[in-house]
Amino acid sequence: MELAIFYAFAALVIGSALLVVSLKNTARSLFLFFIVLFGMAGLFIFALADFVAITQIMVYVGGVLILMIFAFMLSNKELLADLQNTSSKFLSIPNWQSLLLSIGFLAVMSYGIIEWHDNFPQWITENIRQGNIIKSSDNNINQLGIKFMTQYLLPFEVISIFLLAALIGAAHLSRKEDPK
Amino acid sequence: MSDLLNISPIIGSMLVVLLPFLAFLIQAILGKRSQSGNIALVSIILSTIFSLIFVFAEVWKQEPISANVSWFTIGTHTFTLGILLNNLTVLMQLIVCIIALPVHIYSKSYMKGDPGIHRYWMYLSLFCFAMLGLTISSNLLMMYIFWELVGFASYLLIGFWFTKESAVQANKKAFIINRIGDLGFLLGIASVYSMYGSLNLVELFGKDGLFYSLPASSDGWLTFTGICFFIGAMAKSAQFPLHVWLPDAMEGPTAVSSLIHAATMVAAGVFLLSTVFPLFNQTVLLTIAIIGCITALISAYFAISQTDIKKILAFSTISQLGFMVVAVGVGAWDAAMFHLATHAFFKCLLFLSAGAIIHEMAHLKEANKLDIDPQDINNMGGLKKWMPKTFILMSIASLALAGFPLTSGFLSKDAILISAFEWAAQLNGLYFLIPITLTLVSILTAFYIGRLIFKVFFGELKIKVERIHLHEANLSMLGPMIFLGICSIFLVFSWNPIAYHHSFILTGFSITYPFAEIHSLHIILPIILTISSAIAWVIGWNWYVKGKYPLNSGNKLLDISMNQGYINEFYNKIFVKSTLNLSKGLYWFDQNIVDGFVNFLATIVRNLAHFSAWIDRYIVDGLVNTIAGTAYYIGHLLRWVQNGRLQNYLGFAFTVVLIGIIYLIIK
Amino acid sequence: MGALSLLIFLPMIAVIGILLLPNRMGHSFKYLALLATVLQFGLAGYLYINFNGSAGAFSEVSTYQYVEQLPWIRLDLGSLGKLEVDYFLGVDGFSLPLLLLSAFVMLMAVGASWNIEKSKKGYFALLMLLNTAVMGIFCALDFFLFYVFYEVMLLPLYFLIGIWGGARREYAAIKFFIYTLFGSVFMLLVIVGLYFSVQNPNTGAHTFNMLYMMNPENYVPGSFFDFLGNANEIFGIPARMIGFIVLFVAFAIKIPIVPLHTWLPDAHVEAPTPVSIILAGILLKIGGYGVIRICLGIFPDAAADANWWLGLIGVVSIIYGALNALAQTDLKRLIAYSSVSHMGFVLLGISSLTAEGISGAMFQMLSHGFLSAALFFLVGVVYDRVHDRYIYNFRGLASIMPKYTAYVAIAFFASLGLPGFSAFIGEAFVIIGTFNAESMNTGIPRWMAIFGSLGILLSAAYFLWTLQRMFFGTTRLKGGEEWVKELKDVNIREQIILFPTLALALLLGIMPSLVFGVLNNSVLSLLDLVTPYL
Amino acid sequence: MISLTHFLFVSACLFCIGLYAIIAKRNSIMILIGIEFIINAAILNLVAFGRYDKINYSGQIFALFAIVLAAAAVAVGLAIILNVYRKYKTINPENITDLRD
């Protein structure tokens, strides 16, 4: 049952992702992307990362995606028209070279995954043996908070400043040019 | 005045030669402005006077005089220009002058109104210069020069009416055939030069000349030399195989024919033979006699049936020249010169008379707009009525030609015939053929000239026109003719009308014959000749005047005679055609074989070059190009990667990564 | 700077002048060229007047006059010895008349080029360059210098024919060029061979000096072209004979002799009139001059052995050329073939090895120089007017162009050897000399003279035929009335060129001593060189 | 308990789709989306492996970092795209070939 739900999510994610890349209309793609992100959040939960799933929804769906949609919608009409790309075809013709490349990569990765076949690295087998694995009953949020404020404090701060810098940069970049 | 009269013979003879040359130069410069011919006339009058008074009178029967100036030096030999005055040369010079003078006077009215008259006088002066120069040349080279100049002048005069196709053909033929003779002459000169190292006549044949002092080289070469000179004389004097140009040469003005092709130039051959006579050995002399005999016979035969008045006279000239040549051949070259002198006068007169007749006939033709040949004797007849003086003069000349007593021709012809008989008597046997043939020819001569006279002057005018205004020629034409008529009588040459020995020409030369004199011949032969000539005339009278012509026109013999023995056709076919074909063939050979070979080589080389170029381009260069092309395409491929599209870069990067991974997996 | 250098390089000054002047001053080029050639002719005349033909050995410097000798190339080649090339000029009785002839013909050629329209600058510059080369050839006494001039001559001719020529000019130019080059390349080999065989007796170095090459004492014993007792052979032919043959072939192409003559009709026919004049007037003489100066001078022994063959080639050329001329319908080609025939006399005369024969040959060269130049000029006159020169397309020209006809007739008769004109002296003495050869034991039989004289007869045939066909008779032209209008009689310029030419031919015919006076001693000294080997 | 292999396979698929979007799409937005796919695929792997590290919680923590960074990247990327559009009047990367030689 658990596996079935997982696969449902996985199918949702992959199917929507495929649609995202094959649709002509960018606006539709963007909404489908929304579904992909939700699906991903679901998959995170299956990996016992509930906080990550919530963050995913909040940051991506609530931030990134809204940012994207709003950014375009609020900018100018031509770009919007360009994005909507009123082509008669519903699906874009796949670019065979890139398709080949992607399938190639998929094949190689699948091959790798099959070859690997749960030959866990030593640290994983060690943790499994010692029982140091996350269980569904664990309070992840609590643990994460502690870790952020202790062990990962420096990266946390760095990433905060980085985020700030990125936002300021983004704001600077997207400002209107001076008329002069 | 005494100074003027003190001209030495050498200077005098130089003046004789140079005056016509001066006239030629002046007329050449003046061109169309000098049409009267007075310049030429004055020059020839002066020449004649000088020749007679200062040269002939001084030198005749005296010691020979010669003067030379060096002309140029080749190697160790110096070639000279010079004048040789002896009996032979001064006589010849005088004859030329005396014949040329009346012809000049005659031409003044005969050629009046011709558009090219200025050229006529120019050419005539040139001819006189060359002919007079020929007579007094002291060496063979100089003689050769004038010899050819004479031919050249004759070429110009034959082709005087250059728009007439037949005249142009005739002058070409005349010059080319004369060229053959010139070659003989030139080779003869070369031969003499290589044997004796000198060309001076005095040095060669004078007293104690090289010819007598040096041992003759091989007899064969001597014969060769003699034959060469004889070929030269043959062409000029129209002897048998080379006689064909003379009848054609009648295309020129009649006055020219009388001067050049009857009296003077054609006699130059005989003059040459006389000049180099010592050179001839027995073989050559016999050849000369035989050729002369053949010539005399066949041309008399051809003369019988000709209808063109000038052609009849032309053949008679050839025939008489044959007589002279026989005389040289039998060793009696003095007789030849004698006949040359007498013949010059009466033949010139015959031509001038014929010219007068043709002149009148041409007027008649123009006045009545007839389409006739004014020279055809079949159109004439009964002219005695209108032109009695011409008739008389022409008759005198004809009698002289036939050798009738009391004429000059009688004397000279007898001299030749009797000498020939005496010569034959010396040698016996078949040699008698020659004098007998000559006798026959004499009778034939009487017959054909009788035919001419009868057809032209007796009977009725053959062409029927309403108004006939034929009249005597005017005085400037008649005067010269009368002068020549007088000269055709025995008195001019000898006080004795019967015995030729007393003529001043023969006494002047006084050569000794290699054969004995036979006295009885001197009486018998003239009688036989005269009687047979008379018989021939009676027959002619019956045939042509009485109209009892016994032969029909289809007669084979007559046909051959009419067509001059088909010799022209024969030459045309054998020599001219074959030479032309040979030349065409050779040109083909040149174009296709010689040049073809060159071009073939060029083609081979070019093809080789093409082949190697092909190899170079496609094999050698192809290899290089392939390498270069590969590099280029690889470069191009790489360049194509750098197309500035980020996605492509990314794609390539991933492709490489993918390939790398696959490589790792496979490895 | 000596008189000969001045003579040679005077045209070079004109070349520089022509090249420096801008194209818009195109009219001045011809005046410049005319000035140079007139000065040159004057100078040549001055040299001629001051020449005295002193008797001396053919190989002595003292025999030559106006000698200039400067060291030109001195190169130490180490073990090969020293390279010694001199700038060595001098004239004797053979070269001086030819110099005068060249100067005159050049003057004529410039006169004939008066109406050239196509790129005058290049044309006149090339013409003057050719002039320099030709003069140099006749003056050079150093074989290397001779060769340099010989090759320099080819270049302007190639362009003159190839650019300013007729319809098939490229073909003709290339043919001419390759033919001549064929000869001269092998000549170079012999020159090198001679160089290694000859030593300068004063310095001991190998030398290109022609005069040293003529002296048997200067040969290195045992060298390839060693004079006496030479046993070197190639394919069984003695080395000196090989050298002679190669040099002879090189010059024979120029003369030209019969199997090697085919460049001549094409080149003459396709070349523009002035170049035809130069080709016939000067170029062919270089062949004859080379045979006399070099083949006979340097290889007298081989020449004495081979002269029978030379004579045979001469006779064949005479008759073959004349018969070919008889078959022509193109007037210019006819004259070209007549040149072959007339130049055959030159070879026959030279081969006779008699004073008369060689003098006659030299005289024939000069005479042919004037007359063939005049003939080509005359063809040019009618070609200029109607651009046609086929004999069958004309008839009765005498009626519309009387003066022209007179000039043609005079030139024709002069060429066919009418006494009074120069060709007669030349041909007659060639025949006499050849005939005399048997008496002199030079190995030329008399029948060659007899057959050679046939050429005189044939020349009369083809010239008279042309005269009759083209000029006499009633006027009938291919171009009809239009041609009658075009065919104007000769103008003043043409008469100024023609009259002196024919007058000179006449003058030489009447006063041959003008030539023989300077020539005679040289001929005798040459014979002195050759006769010991007979 | 879902095995690691499943996560890896889903992640591989997502990665390939993202890769395809990046290379093939002629639209800058879609490329950005492709990048997000790839980042998501990476995050999925992080959390999947992070399950076996209870001591450090490194998987989840870096997943969070990655999400934040992705958000920042999107913001900057969008700003860049807008600027590119202003300059070239297109967002099709095909037409922006200034990097070409």
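The first chain written gets the first letter, and so on, giving A, B, C and D; residue counts start at 1 in each chain.
Please note the rule applied: a contact is a pair of C-beta atoms (placed from the backbone, for glycine too) under 8 Å apart; a residue touches a chain by one contact, two chains touch by 3 or more.
Owing to the predicted nature of the structure, the values given are computational and were not obtained by experimental measurement.
Enquirer: Which other chains touch subunit A while also touching subunit D?
Expert: B
Enquirer: Which chain has its C-alpha centre closest to the mean of all protein C-alpha atoms shown?
Expert: C
Enquirer: How far is the middle of subunit B from the middle of subunit C, if each middle is the mean of its Cα atoms, in Å?
Expert: 34
Enquirer: Centroid of subunit B to centroid of subunit D, CA atoms only: how many Å?
Expert: Roughly 123 Å, centre to centre.
Enquirer: If you average the CA atoms of subunit C and of subunit D, how far apart do the two points sit, in angstrom?
Expert: 96
Enquirer: Which integer distance in Å separates the CA centroid of subunit A from that of subunit C?
Expert: 102
Enquirer: Counting only residues that touch at least two other chains, what does the list for subunit A look like?
Expert: Those would be 97-98, 101, 105.
Enquirer: Of all the residues in subunit B, which ones touch at least 2 other chains?
Expert: Within subunit B, residues 651, 654 contact more than one other chain.
Enquirer: Could you list the positions in subunit C whose residues touch two or more of the other chains?
Expert: As it turns out, subunit C has no residue touching two or more other chains.
Enquirer: Which two-chain combinations qualify as touching?
Expert: Going through each pair of chains, those in contact are A-B, A-D, B-C, B-D.
Enquirer: Mind pulling up the subunit D residues that touch subunit B in the complex?
Expert: 19, 22-24, 31, 93-94, 96-101
Enquirer: Tell me, which parts of subunit D touch subunit A in their complex?
Expert: Listed in rising order, the residues of subunit D that touch subunit A are 1-10, 12-21, 23-25, 27, 29-30, 32-34, 36-37, 40, 43-44, 47-57, 59-61, 63-65, 67-76, 78-80, 82-83, 85-86, 89-91.
Enquirer: Spell out the residues on subunit C that touch subunit B in their complex, using ranges where they run on.
Expert: 175, 178, 258-259, 261-262, 320, 323-328, 354-356, 359-360, 396, 398-399, 413, 418-420, 424, 428-429, 431-432, 434-436, 438-439, 446, 449-450, 453-454, 456-458, 460-461, 464-465, 467-468, 471-475, 511-513, 516-517, 520, 523-524, 527
Enquirer: If you look only at subunit A, which of its residues touch subunit D in the complex?
Expert: 2-3, 6-7, 10, 13-14, 17-18, 20-21, 26, 29-30, 33, 36-37, 40, 43-44, 46-49, 51-52, 55-56, 59-60, 63-64, 67-68, 71-72, 75, 78-79, 82-83, 85, 92, 94-95, 97-99, 101-103, 105-106, 109-110, 113, 116-118, 120, 123-124, 127-128, 132-134, 138, 140, 143-144, 147-148, 151-152, 155, 159, 162-163, 166-167, 169-174, 177
Enquirer: Across the complex, what residues on subunit B touch subunit C?
Expert: Going by the criterion above, the answer is residues 71-77, 141, 144-146, 148-149, 152, 159, 162-165, 168-169, 171-172, 175-176, 179-180, 182-183, 186-187, 189-191, 193-195, 579-580, 582-584, 586-587, 590, 594-595, 598, 602.
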